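One structure, pasted below without further comment.
First chain written, first letter: the chains are A, B, C and D, and each begins at residue 1.
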Amino acid sequence: MEKAGGIPTQRMEAFSDGVIAILMTVMVFDLKFTTTLTAENFRQEWMELLPKFLSYALSFLMVAVMWVNHHQLFHQIKHSSGKLLWLNLHLLFWMSLIPFGTHFVGGNPWMPAASSAYGLIFFLNALAFTLLRGHVGRQRLLHSFAPAHRQRFIQRKNRITLAIYAASALLPWVSVYLSFALFLLVPALYFVPEKITVPENKDNNP
Amino acid sequence: MEKAGGIPTQRMEAFSDGVIAILMTVMVFDLKFTTTLTAENFRQEWMELLPKFLSYALSFLMVAVMWVNHHQLFHQIKHSSGKLLWLNLHLLFWMSLIPFGTHFVGGNPWMPAASSAYGLIFFLNALAFTLLRGHVGRQRLLHSFAPAHRQRFIQRKNRITLAIYAASALLPWVSVYLSFALFLLVPALYFVPEKITVPENKDNNP
Amino acid sequence: MEKAGGIPTQRMEAFSDGVIAILMTVMVFDLKFTTTLTAENFRQEWMELLPKFLSYALSFLMVAVMWVNHHQLFHQIKHSSGKLLWLNLHLLFWMSLIPFGTHFVGGNPWMPAASSAYGLIFFLNALAFTLLRGHVGRQRLLHSFAPAHRQRFIQRKNRITLAIYAASALLPWVSVYLSFALFLLVPALYFVPEKITVPENKDNNP
Amino acid sequence: MEKAGGIPTQRMEAFSDGVIAILMTVMVFDLKFTTTLTAENFRQEWMELLPKFLSYALSFLMVAVMWVNHHQLFHQIKHSSGKLLWLNLHLLFWMSLIPFGTHFVGGNPWMPAASSAYGLIFFLNALAFTLLRGHVGRQRLLHSFAPAHRQRFIQRKNRITLAIYAASALLPWVSVYLSFALFLLVPALYFVPEKITVPENKDNNP
């Protein structure tokens, strides 16, 4: 079963999981007190660490949203292809820049360039995910249990996400707070994972 | 078998393993002599490294306990769900803060705030694990071979763990030694893994 | 099925994926602004970061090419052997030096020694891959669906790659730009993955 | 098949692979030129990097030997158990100290304490592996295709390894070169992996 027919997606999923797990985890290693702490410098050090903590938590949440979507999408894909491998690696490349953006905005929370870079990285991630999903849809790589109207709903959600990220990359030059608000909007929008597996679709058949 | 019915837990387990393996391992990279060693500074450097070593060993043991419990729990889960994915990611978030706590307490062993933060992180981990287990129990996601009285025993053990961690987060302000003693109590309590698989339950049927 | 007959390749693939995922991802952690940014030093810092970004993107692309080839090759291998394990570990050793080369060339883009070391590391990687592929071919470890003329085509492509990398290790002493041009040639050559799975080979049978 | 009977070893193997892959790979991130290189300091920097390279290559080789042995042993294990989980985690703990030893000896190659610590860490690894193998043998967790006389041969080899590592931890106080020679002896001894799978044992049946 595993080595016949199309290339199974199993190894691509495992590899993606490895990359995503490392991205999620290693960001936390910047969360450190770098000097020997005393009663005097503790408050100061903590104030510098706080934005790093918040940017880490936000990035963890956004990567988690992406992983859940990746998990749900690949769960429905029948088999792999050369182009799918590359579209997935393309997505992983932009995901791998998330720690850079997180470190940048965590170390310079009030600098518009930092929030803008952070927003741009997530915009490129959302774009890579949209390309991947589009290819899967066009090539009919999905199992039949993913209904078409559900796919359209997800595509619309993706386009909204792209627009939000584009705005979050431009708005920091007006106010970084506007940008932060938008960053929180996407996880809120995506928090409920895309329910497109068999049991949940029963109600679609009237 | 894999792509029909409910979502299999396989990929969630593999992803969790990736995250936990990285957390366990990368903590060791703080264990380094940072300066060129000479006969004079060797003793001094070693004395600074020792608490880092001990905090690493303790964290490794506690993460190992958590991994074994995670392994035993997921071994019994029939299939995944959207909510289970998120409860697991929630647990992984708090686990990802363990290296921060380890570095904090290893670098500042006598500072009450460090032991308190370390205890608080493990309290939040235990809470996340309890939420996960509670959901699994309520949704009847377990295979039938997990007997109910065994589940109750584990829930009681979880509540004791929560109480110990809560105490370890508060006690350092009295004495950090009290807190350290509590940290050692939990691994001792959990060292014997939860035996809830088929063969071990045979004696439950009189 | 899994524990009978020859050793399955599954664990070797998973282990390789782990190593490659870490190599790909952790390189990004050198992409950091190391000082507190101000309006004055931002441009300067960014100019220092740019070659690191470019060398990271190039290394990511080349490791991705290697992973796709590894994936395609192992997909066709019937079972593992002691020698195959070691040839694969030999490949992983040279792959593990890629972050060193990336950091070297990213930090010193105009130093001929850096580009030369970078080229040499990829030459040794290509050599290790050729040894692995040669062993697989000689030991007839491939499934029958890999036609011989296709294997010969791939071997010829491998020899060209080796020659390009050898040139890229020697040419920086003339001009580092020549070397950079060659680095871009290999991904271009390999970008289309080797299509040697069942469905694609149907047209070979006239 | 997967969730019935004894606990399958699959997840324990995957988790071990994750930990070992990270250990092998992340050691390479100490291999860096830390200052901006000039024609003057290049030779000096390179001389400091060389022992780090050699200690990395040696550690990679020794971890690879351990991984191959781990792979071969677990390939033969029928099912997991609580005690096996903990003996494996115990082994992973000592493995996780290898990067510390590698960094120590790579940064201070002529310091007897460094070689001694390096030898001691590998002695403890070999001891943990022997404990794991002993448990597997006593509990009859192996498939029948592992012949008893082969097991005894391996146990003898393990005892020799333990003796060599014990010597390598003591000898640096006489001469670090003696210790280095012993470090090279073990990979040489173990390079041929333990051939205890079905096909190779055919000649045992006269």
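To be clear about the criterion, a contact is a pair of C-beta atoms (placed from the backbone, for glycine too) under 8 Å apart; a residue touches a chain by one contact, two chains touch by 3 or more.
Just so it is clear, the structure is predicted and the values come from calculations on it, not from any experiment.
Visitor: Suppose chain centres are the mean of their C-alpha atoms. Which chain sits farthest from chain D?
Guide: A
Visitor: Degrees of rotation, nearest 5, to put the Cα trace of chain C on chain D?
Guide: When the C-alpha atoms are superposed, chain C turns by 90 degrees onto chain D.
Visitor: Would you mind pulling out the distance in Å between where the CA atoms of chain A average out and where those of chain C do?
Guide: 26
Visitor: Taking each chain's centre as the mean position of its Cα atoms, how many Å separate chain A from chain D?
Guide: Taking the average C-alpha coordinate of chain A and of chain D, the gap between them is 36 Å.
Visitor: By the touch rule stated above, which residues of chain D touch at least two different other chains?
Guide: Each of 14, 18, 22, 26 in chain D touches at least two other chains.
Visitor: Under the touch definition given earlier, write down the residues of chain A that touch chain B in their complex.
Guide: The touching residues are 13-14, 17-18, 20-22, 24-26, 28-29, 31-33, 36-37, 42, 57, 60, 64, 67-68, 71, 75-76, 143, 191-193, 195, 197-199.
Visitor: Looking at the complex, which residues from chain B come into contact with chain A?
Guide: By the definition above, chain B touches chain A via 3-7, 11-12, 14-15, 18-19, 22-23, 26, 82, 85-86, 89, 92-93, 96-97, 99-100, 103-104, 107-108, 111, 113-114.
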